[in-house]
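Presented below are the structures under discussion, each in the form of structure tokens.
The same chain A turns up in both complexes below, where it pairs with chain B and then with chain C.
Our next item is the complex of A and B:
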């Protein structure tokens, strides 16, 4: 039975399920660096998933699906930015509002556009292309795990690197971080902190749009109500676990993706889905607990060492 | 000194309830050191922010080298060659020194990448040119306040500043650092042709450094003088609009029995190191006991231990023969100790709350202001606050103003008003006039002495020796958590007491502080 759970397809699934977490995580860490804790990612992903299906279905093109998901992501990013940056509203409340709005709107539009309840799937939805890497199919194990994934899997990896370079190797990334740490300091050297915050908020919308499109057009081609299934929040946990660093957040997203995949595998061997579905969420809580504990231990240790010097 | 570089005409700025700048005319000449002085809240920072494009004037004109200009944001000011070192530093603590210096005009590689190596080189070049030593690679959070100020100055110079505005640069510096800063300022002006505008409270500094001095009061520019024609007395009078300054305070002797006694008090600092190593002291009715010491020698920990904010490791705090060691802040207050904390913004006040809310803290759930600890009685509260605002001369348009919008002096008066009005037999007062202007200092000093004359036992901690000598009946010195001496005021000179404060000399007649 263990062999049925811990096999290559567990790792293959990990890569698949981690992708929306990676994408949303990158978006969320950008707003985090700019000083905004965005909990609206959940709703942003959901809207991306829905409009991805809409675009793909009506234009018969997965590319147009992504375009529509991104456009909606930009709009929500601007709205989020407008409330949080311009009107200085509470970022939690705006985040929650986006989540509720996204949940309601997608259910409503599902009925009014497609005339269905609960889920919409159709052969008319074009899925995103899968990429097969030329030489990789010669190598047995790696091929199974890494090859023939949906396109956003590979895009997300590239984005991890690009986000890292952007944040730490370019002046613009420095400005984003400065806008989060001490906006007045940035203003006084002649850079508009607000603009930096908007950029991060819009980028978050775009990345969540990608995450949503990957969910609804990547492996399955369908939209179901609440199909984001709290991935926005797990992405947030990955950001916290990864200390807002793109590389570490990527690693954390893979870890959470692994537990997600593990849940799916366990279901295959007949463990009731009520339990298996708990796994990713339970592990999120456990890991965040460990992070907090470690922080406390480190603090104590520093205190002790300094005490010893005396 | 050359011709006018900057000229302000009729510059006016209205904030809700305050006319911060009222038709200001001011000219800055090329190559001068121009001091701007004025009480807290006089409008100095606002005027400088207008010059730097951080605030827009409601009325008035600004001329730069004879041409009318509109400084709509800091970039415009930077391009004109104006640099500003703000009262609260504008540095990013988690960034390196070099990154902070080049922020906004970063050197680049292939036009989009940050060139860190170049940033470090730029910083080293600046250090060589201006003789201000900084370590380019350190994080700003790891360097001292004095160094942070150097970084700010270098940052402004790197942006091509010909005119450097320094907003209260010496408020955070030690006397040595201040002297170093002045050397740098003189060099900038003499050798490098810069123009400097410096805001300060300290009149000795004006006399020592500036060519001309402009005095502001309540939003108005009272006048500009050649420093060589001015005296501290004249400037001080212009600042507060009446004759002032250090008339002796009238002390009526009421010394009575000891009511606060501290025995063998030990306590640790935040890092777990022993900060108080067995402190003994006592304060009598109608006595001000001053504690002199270089900051960081246990004064803060002593105050926190006495007020219940810090754990006591061992020892006693006897008030009316009752031991308060280990009691909660609330119990300690109820036993008769009120406390003016050293940092009004962190422990003294809630910035985001109104004057009323701040004044009522600690009484908010007591009769007659609240019935059964829940329902508040607005009427009696407003009356009390109104009386306190008047009595303590808090300058504010209304009692519903958020404290963060007040000047430092007025904030401090609120803390003092609240604590003094508890009418406790014991007062612990820490840094009562830090960052407060002369007028308010005088007022606060009078209030403290009045309390003493009423028979209150006062423990006074201050980094200003002048203040301690002016107010205290007795002074004790602390060094590394231990008492090094105890003197009746008048027994010792300021110079001599420095030896005790730095541990170079110790009085070993222990037990009787």
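Our next item is the complex of A and C:
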């Protein structure tokens, strides 16, 4: 029975389920560095998933699906930025509003555009291309796990590296981090903190658009109501777990993706689906708890040592 | 005489009114884009919400869960802790009520009802206690944990009513019916309007009294506005946050109890059409004012019941109201910023005029 759960498919599924978390996580950590906790990622992913299907269906091209998802991501990124940066609204309220707006709008449009309730699937939706890496198919185990995934799996890995370089090796990355931590200092060197915040907010919209398109066009080609299934919040947990560092957030997203995949595998051996579906959500809380507890114990230890020296 | 509204309240009410009007106008444009007449759409919506005794009863029946979840959100927000987990607390509270209603069937009616309410409140409150403790002791963001726990609770009750507590007849994703004498009386035939509105009013008034008139309510407010200042003033902010969260969870649990005892007479999977999220929006729109919650709950309930008639008589999907609601909240959240921009604009005009005069 264990063999049915812990096998190569588990790792293969992990790669797949982690991808939207990686993409949204990268977007969210950019806004986090710029000093904004983006609760609205959930809605951004959902809109990306919906408009990915719209673009793919009406233009018969998965590329156009991604384009549409990204355009909508940019629009929501600008709206989020406008309210949080310009109007100085509560970022929590704006995030919640975006999530509810996305939930309502996608259900509404699902009915008014496609005339269906609940879910829309059609052979007319073109899925994103699968990538087969030439030499990898010679190596048995690695081939099963890493090869023939949807294109965004590989894009997300490249983006992890690019985001890392962007944040820590380019002036723009430094400015974005400064916009979050020392906006006044940034202004004195002539860089507008507002602009940096807008860039991060729009980038987050784009990344969440990718995540959404991967969800609806990556493997199964369909849109279902609330298909983002709180992945935006799990991505947020990955960012917190990864301390807003792209590499660590990537690792955290893989871990959360693993639990998601584990749930899928456990269903195969006959555990009620309610429990298997619960795993990623429950584990998110457990992992946040472990991280926080470890963090506190370290702090206490440091305090004790300092006390001993004195 | 004390003035009823100060200037700030007046400004807020004007912004609220404008936000609603603009959101409804945007909703009208969406109806037009959908190929329907906005006038017909809104006429159908109003008729569906207030047009007959039956529709009025349904509208007011729906305010019960909305006021409870709205107050629940308001209490947590006031104390500076965001309870987004109302939906999960509601589900568990509803299940607890159904459990009481199918297990302890020989109690006198009122006792059984009271027991169900207490069970729902306790279960909801305890479930809210988990994220509260994680927030206060370990500084874990409560927004993420409450959202995660929502899904966990909904899936858990889904399991319970499909396996151990599945109805004895038919596979319907629900429990058996609760004991007949525990069911709340319907006030208008065929509608879901029932006596829970009286119990809810009693609970809401008690909460209002606590929040507005007692030192406990003052403490909550202090903690929410400035927890370090509250600490300085001798208020234990952490304790207040935990208490607020438990009350909030308890209210959501009770909202679930009334859905079981008053509306469905059993626990059903998907028992709540996201009542707790509506409550959240309501509390955010009225800035956690308890009286505001009541009025906004009626407005939201009217939109929801009206939208069903709108969908049946025109071709406009009822989900349009979700879009309208989220636009209202967006404008309200931007209220201060918009006001600032507007005032800036007026100032500039004034200055320009002055320069022109000189």
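Following the convention adopted for this analysis, the second predicted complex is superposed on the first by the 310 of 310 C-alpha atoms of A that agree within 3 Å, B and C clash if a C-alpha of one lies under 4 Å from a C-alpha of the other, contacts with A are read in each partner's own complex, and residues count from 1 in each chain.
Note that in this section contacts are C-beta pairs under 8 Å (C-beta built on N, C-alpha and C of every residue); 3 or more make two chains touch, one makes a residue touch a chain.
Bear in mind the structure is a predicted one, so any value in this text is a computation, not a measurement.
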{"item": "Fit-or-clash call for chain B and chain C when the two complexes are aligned on chain A", "value": "fit"}
{"item": "Which of chain B and chain C A:159 touches, first, second, both or neither", "value": "neither"}
{"item": "Which of chain B and chain C A:83 touches, first, second, both or neither", "value": "second"}
{"item": "Contacts of A:103 with chain B and chain C, given as first, second, both or neither", "value": "second"}
{"item": "Which of chain B and chain C A:69 touches, first, second, both or neither", "value": "neither"}
{"item": "Which superposed partner A:185 touches (first chain B, second chain C, both, neither)", "value": "first"}
{"item": "Which of chain B and chain C A:171 touches, first, second, both or neither", "value": "first"}
{"item": "Touching partner for A:281 - first (chain B), second (chain C), both, neither", "value": "second"}
{"item": "Partner contacting more residues of chain A (chain B vs chain C)", "value": "C"}
{"item": "Where chain B and chain C come nearest after superposition, their Cα distance in Å", "value": "5"}
{"item": "Chain B residues within the chain A interface of the complex", "value": "52, 54, 73-75, 78, 84, 86, 90-95, 99, 103-106, 108, 112-114, 155, 159, 271-274"}
{"item": "Residue ranges of chain A in contact with chain B within the complex", "value": "169-172, 174, 177-178, 181-182, 184-191, 303-304, 306-307, 310"}
{"item": "Chain A-facing residues of chain C, complex", "value": "30, 34, 82, 84, 134, 138-141, 143-145, 147-149, 151-152, 155-156, 158-159, 162-163, 277, 280-281, 284, 317, 319-323, 325-327, 329-330, 333-334, 336-338, 340-341"}
{"item": "Touch list for chain A against partner chain C, complex", "value": "39, 83, 86-90, 92-94, 96-98, 100-101, 103-105, 107-108, 111-112, 229-230, 233-234, 236-237, 240, 272, 274-275, 277-278, 281-282, 284-285, 288-289, 292-293, 296"}
